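Next come two complexes built around chain A: one with chain B, the other with chain C.
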Partner chain A sequence: MAFISSGYNPEKPMEGRITDIGPQHFDKFLPPVIKNNFGKWLYHEILEPGLLVHVAESGDKVYTIRCGAARLMSVTLIREVCDIADKYCGGHLRFTTRNNIEFMVETEEDAKALKKHLNDQKFDGGSYKFPVGGTGAGVTNIVHTQGWVHCHTPATDASGTVKATMDEVFEEFTHMRLPAPVRISMACCLNMCGAVHCSDISILGIHRKPPMIDHEYLDNLCEIPLAVAACPTGAIRPSKVEIDGKSFKTVAVKEERCMFCGNCYTMCPSMPLSDKEGDGIALMVGGKISNRISKPAFSKVVVPFIPNEPPRWPTMTKTIRKILDAYAKGANKYERLGDWATRIGWERFFEVCELPFTEHLIDDFRDPAYYTWRQTSQFKW
Partner chain B sequence: MAVVEFQGKSFEVDEDGFLQRFDDWTPEWVDYVKETEGIKEITDDHQKVIDFLQDYYKKNGIAPMVRILSKVTGFKLKQIYELFPSGPGKGACKMAGLPKPTGCV
Partner chain C sequence: MAKHKTPLLDQLESGPWPSFVSDVKQEAEARAKNEKGLDYQIPVDCPEDLLGVLELSYEDGETHWKHGGIVGVFGYGGGVIGRYCDQPEKFPGVAHFHTMRVAQPAGKWYTTKFLRDVCDLWDLRGSGLTNMHGSTGDIVLLGTTTPQLEEIFFELTHNLDNDLGGSGSNLRTPAACMGMSRCEYACYNTQELCYNLTQEYQDELHRPAFPYKFKFKFDGCPNGCVAAIARSDLGFLGTWKGAIQIDQEAVAAYVGGEIAPNAGAHADGDWGAFDIQKEVVDICPSQCISYEDGKLKIDNSECVRCMHCINTMPRALRPGVERGTSIFCGAKAPILDGPQMGSLLVPFVEVNADDDYQAIKDIIEGVWDWWMEEGKNRERVGETMKRLGFGALVRAAGVPFDPRQVQEPRHNPYIFWKADDVEGGWDRDINDYRERHQR
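Up next is the complex of A and B:
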């Protein structure tokens, strides 16, 4: 397409420039019933999976229908969402913190009609466009990252692994039959953008090979001290190499100290490390962020490596299913996955989930590793 | 990688317009870049920032932190943005010929 100016004048870039206006005030987009009852809600109920009702002091009710979304979406799809909001909700809608879409209506009949309408929408391939669910003790949307769609440091894909996993656990999205909510999150490298460090089940992209070093370019493209300081294990040091009689300033990596985190590549483009066979996925479980009964907790690594198997990652989805089933079977009501594993003991967790325990799972990172070992004789055979 | 010709000099640059080699920097580079960075004329203040960035990079092998840039040159961050509308990284470092900033930027 030919160039069409927005009115911006590149000759005078600072002229008519508007800055620091921040986001719009949320107040502008509230549905009337929310605006009128703001801060005056009495109680709420989950009527059925994906359908909530909030009742205000005034007696006003608002029915919320929550539906799944792929997070990565086209303008076409957003327009369709807007069309639905125009038709049923006076043009109002919201997105949740887990990237589900919520439509709000004022009567139960409207809510039921909207729920049916949403569940009827499908893509040409057959997938639900707006599957209703994600409430109560089920599996809601997966918080995830960019993966091979946009990022330069991933060890696996985000959208692909998430679609494969949600297909596997779809029944749990549309039902509320687990002991407590199960949050699944995904990050494509251990920068852990998002929530993998604090989720019930986490999918994490990992590398297994040290970085390759472009000695000839490194000093030109990188600030060497930053690459050295980026390493959590002190595996990188500045050095010099001779190539074809020319001397280059560069870095050297002590490979037996490298644990393939990829931080140095983040800081220095001349140290790429992604690798088709080396890269894959680690699974972590048992994290939570709420304060309900037990304190918030980090998730722990329980599967050190699963190979990347695009496009459906069958080993990964099967393992997640296995963990989820064992949890659903074994846990008490209200018990989050981490609470359950702590109660039965991690040795029992590995037994009932049929996961092999390997040396990779034993913490060996600095002094705090010691506190993760068992300093008691209390254990089960 | 693209090569830019300007006033009889040629510069190898990446897709963001950063110099590929610090050693390729010449005063002509500053004149070439200022157009795209929204700068009409290089004043003494501009030169002071560029000179400091280059000295610091030669001495330490890294670009200075913003607070160090401010403290040494005496320009507050606001003034640095007035001089270089794209900011200290994309504007000043690019003009000074330093490598492209990395990390989660």
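Up next is the complex of A and C:
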């Protein structure tokens, strides 16, 4: 492997350097039919799962085919996507805010042909490369994070849990038969990079053991005040320890005050906490972002812990299925999962989803916890 | 022959959903074959070693990435997430596995030419693996070595005319819904505003100068397709004043069953014929719609612009004509003191390209000036708001106080007053008091 220079000169790093040019203007990338009708759309229709048409004031139409993607993708696969866009779409395509891929064409025949072509593509292992769907009242792609593929603070894996879940709910990706869209999101630790705090169903990696402390290294690797300030519950204080007669500046963790968030580890490499048996998944439900009918809402924790079961997380996927089925059966048309749970009452939600209610689900974090308890005699048996 | 045995990961190749394992394997094979005869600048077997280390994590139930990693390019304080494997002897191909964030076009529209150029660059100088896209919006190039960073940056800026995205305590990469490019609900040009502000604040994006990270997101309407209200410190949600535009003939077509409700979003369910009373009138949150004698009426002064009726009958109803954006401030994930959604700071502001969005920039800069001065180390603006009060934010933004800024007025009477606002001020003499009130 011989080093190939790009033209960059390490002797004179600032010479010829281009900075602060930002992204390119989106205008350069728009297909002609989009450019011509920009801001002049009249209405849209979902013709079938994964296939939309938008109609402009000019009468122009654009057909969109949406297909699933794993988000983590290779350049080989991106090039296949480009081949398809070159063949059918004049070399244009886009990605959605949920990491699906959208191809645009100008006639319904082309759209149907392309849909078929996309559904015909498979990996050697047998999975679809570009399954068409993700529109309307169904389950679309799962917004997710880095997991064991790239991050140092996860309590579970992202790509694996997402693949296992999407396999389980795949029929809902290719159909539109739920009361309203169900957004599933996943984050591998409670930094929640993404949408876990505001989704209908959320998969969240959690720890259950306090951090270990690498006393002999801590002072050299961490700014102790930052680690102290990192703790939401004030469980950390500066301290000293003696090891083999040598004194080290370090921290002490009051274990009964620690709720295993891992934020101290984010700030201080000498406080790792991941653990095979301790780590796992919490499930949250009932969040939403849109302002449709009801206000945006946070998702709430309804399952405090499910163990990590790689590679397919069967307990987790079964529990998600159970929640989804109870919702599909019980909710009114247009009712998001959280609106349904609020209407029937959370006590009923636990009953119909057959989920045990435990102490862990009762908020005990500071002042606002009070507002989540029940200050009324209104409840159902 | 695969380099490592991956019995656990292999089980993720079955099932219908696109398998990332199959895809990484296909990349590993493509690199091994090397049909283009590239002189790969990082180990050829990088994807294989990634599968190897991931398999090990599946066995151990623990991550195998070392903590942190500080790498980058000269001139910038962010844009690259450094990462090193904690088993470099076993998996030398991912001993270095840094991520580069690449600024994406607003709305994520692409030409194949651009994507192919990115792929060619990444094939040679990186792992060949990506995320399309990071949840903030960036194109994420997943896995390369330190010596390649400047080379990639040089090619990116000189040949592809494209910059890095943001990371660290700064303005992160802004993102927009597709807005006017393909949506009839868009109340302003989300992509243009996103692009304009990204360019305006390049310095703030590339060189961390803030107490903590700060994100912008742009939704064209209250549906929130880019989730601005939940995922950005300043979220812009398009809205309108005045009447929803109604086409009564189209309403009749919906009632007559000629057009499917909600553009057909529930087509596979068994929901019966469209019932305008039940599906629109009765669930309007303001109860401000009526349908009588074949006419749909909306009392627009009571409408909260939730989008439900428009979403349900997109061919009959359209947002009003006087359009602009609301601005929400403070959304964040739980760390430290709990999750927040954006709180309404500005109910309505025009999105005016003619004066280069000056009104919006004034608000942004007012908020920044305040937060950069007052915000504590690693305190998101949402937390600064909680600590110093919403009133302080409103004053910093230079906008008026407005009942729309609260869901409800306070129910405790612990009210602060400024000495200047109280007749006679706070300087009082106990002896004067005692003249009226004996001890």
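Here is the rule we go by: the second predicted complex is superposed on the first by the 381 of 381 C-alpha atoms of A that agree within 3 Å, B and C clash if a C-alpha of one lies under 4 Å from a C-alpha of the other, contacts with A are read in each partner's own complex, and residues count from 1 in each chain.
Here is the rule we use: a contact is a pair of C-beta atoms (placed from the backbone, for glycine too) under 8 Å apart; a residue touches a chain by one contact, two chains touch by 3 or more.
Being a predicted model, the structure only gives us computed values, none of them experimental.
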Q: Answer with first, second, both or neither: which of chain B and chain C does A:L273 touch in the superposed model?
A: neither
Q.
Output check: A:N191 vs chain B and chain C. Expected answer is one of first, second, both, neither. What do you get?
A. both
(Q) Going by the contact rule set out at the top, does A:A331 touch chain B (first), chain C (second), both, or neither? (A) neither
Q: Could you look at A:P13 and tell me whether it touches chain B, chain C, both or neither (first, second, both, neither)?
A: both
Q.
If we overlay the two complexes on their shared chain A, which of chain B and chain C does A:L118 touch? Say first, second, both or neither.
A. neither
Q: Applying the touch criterion given at the start, work out whether A:N220 contacts chain B, chain C, both or neither, answering first, second, both or neither.
A: first
**Q.** Partner touching more residues of chain A, whether chain B or chain C
**A.** C
Q.
Just to be sure I read the superposition right, which of the two partners does A:V251 touch: chain B = first, chain C = second, or both, or neither?
A. neither
(Q) On chain A, which stretch or stretches are contacted by chain B in one complex as well as by chain C in the other? (A) 13-14, 191, 226, 266, 269
Q. In their shared complex, at which residues does chain A touch chain B?
A. 13-14, 191, 220-226, 266-269
Q. Can you list the chain B residues touching chain A in their complex?
A. 20-22, 38, 57, 60-63, 85, 99-100, 102-104
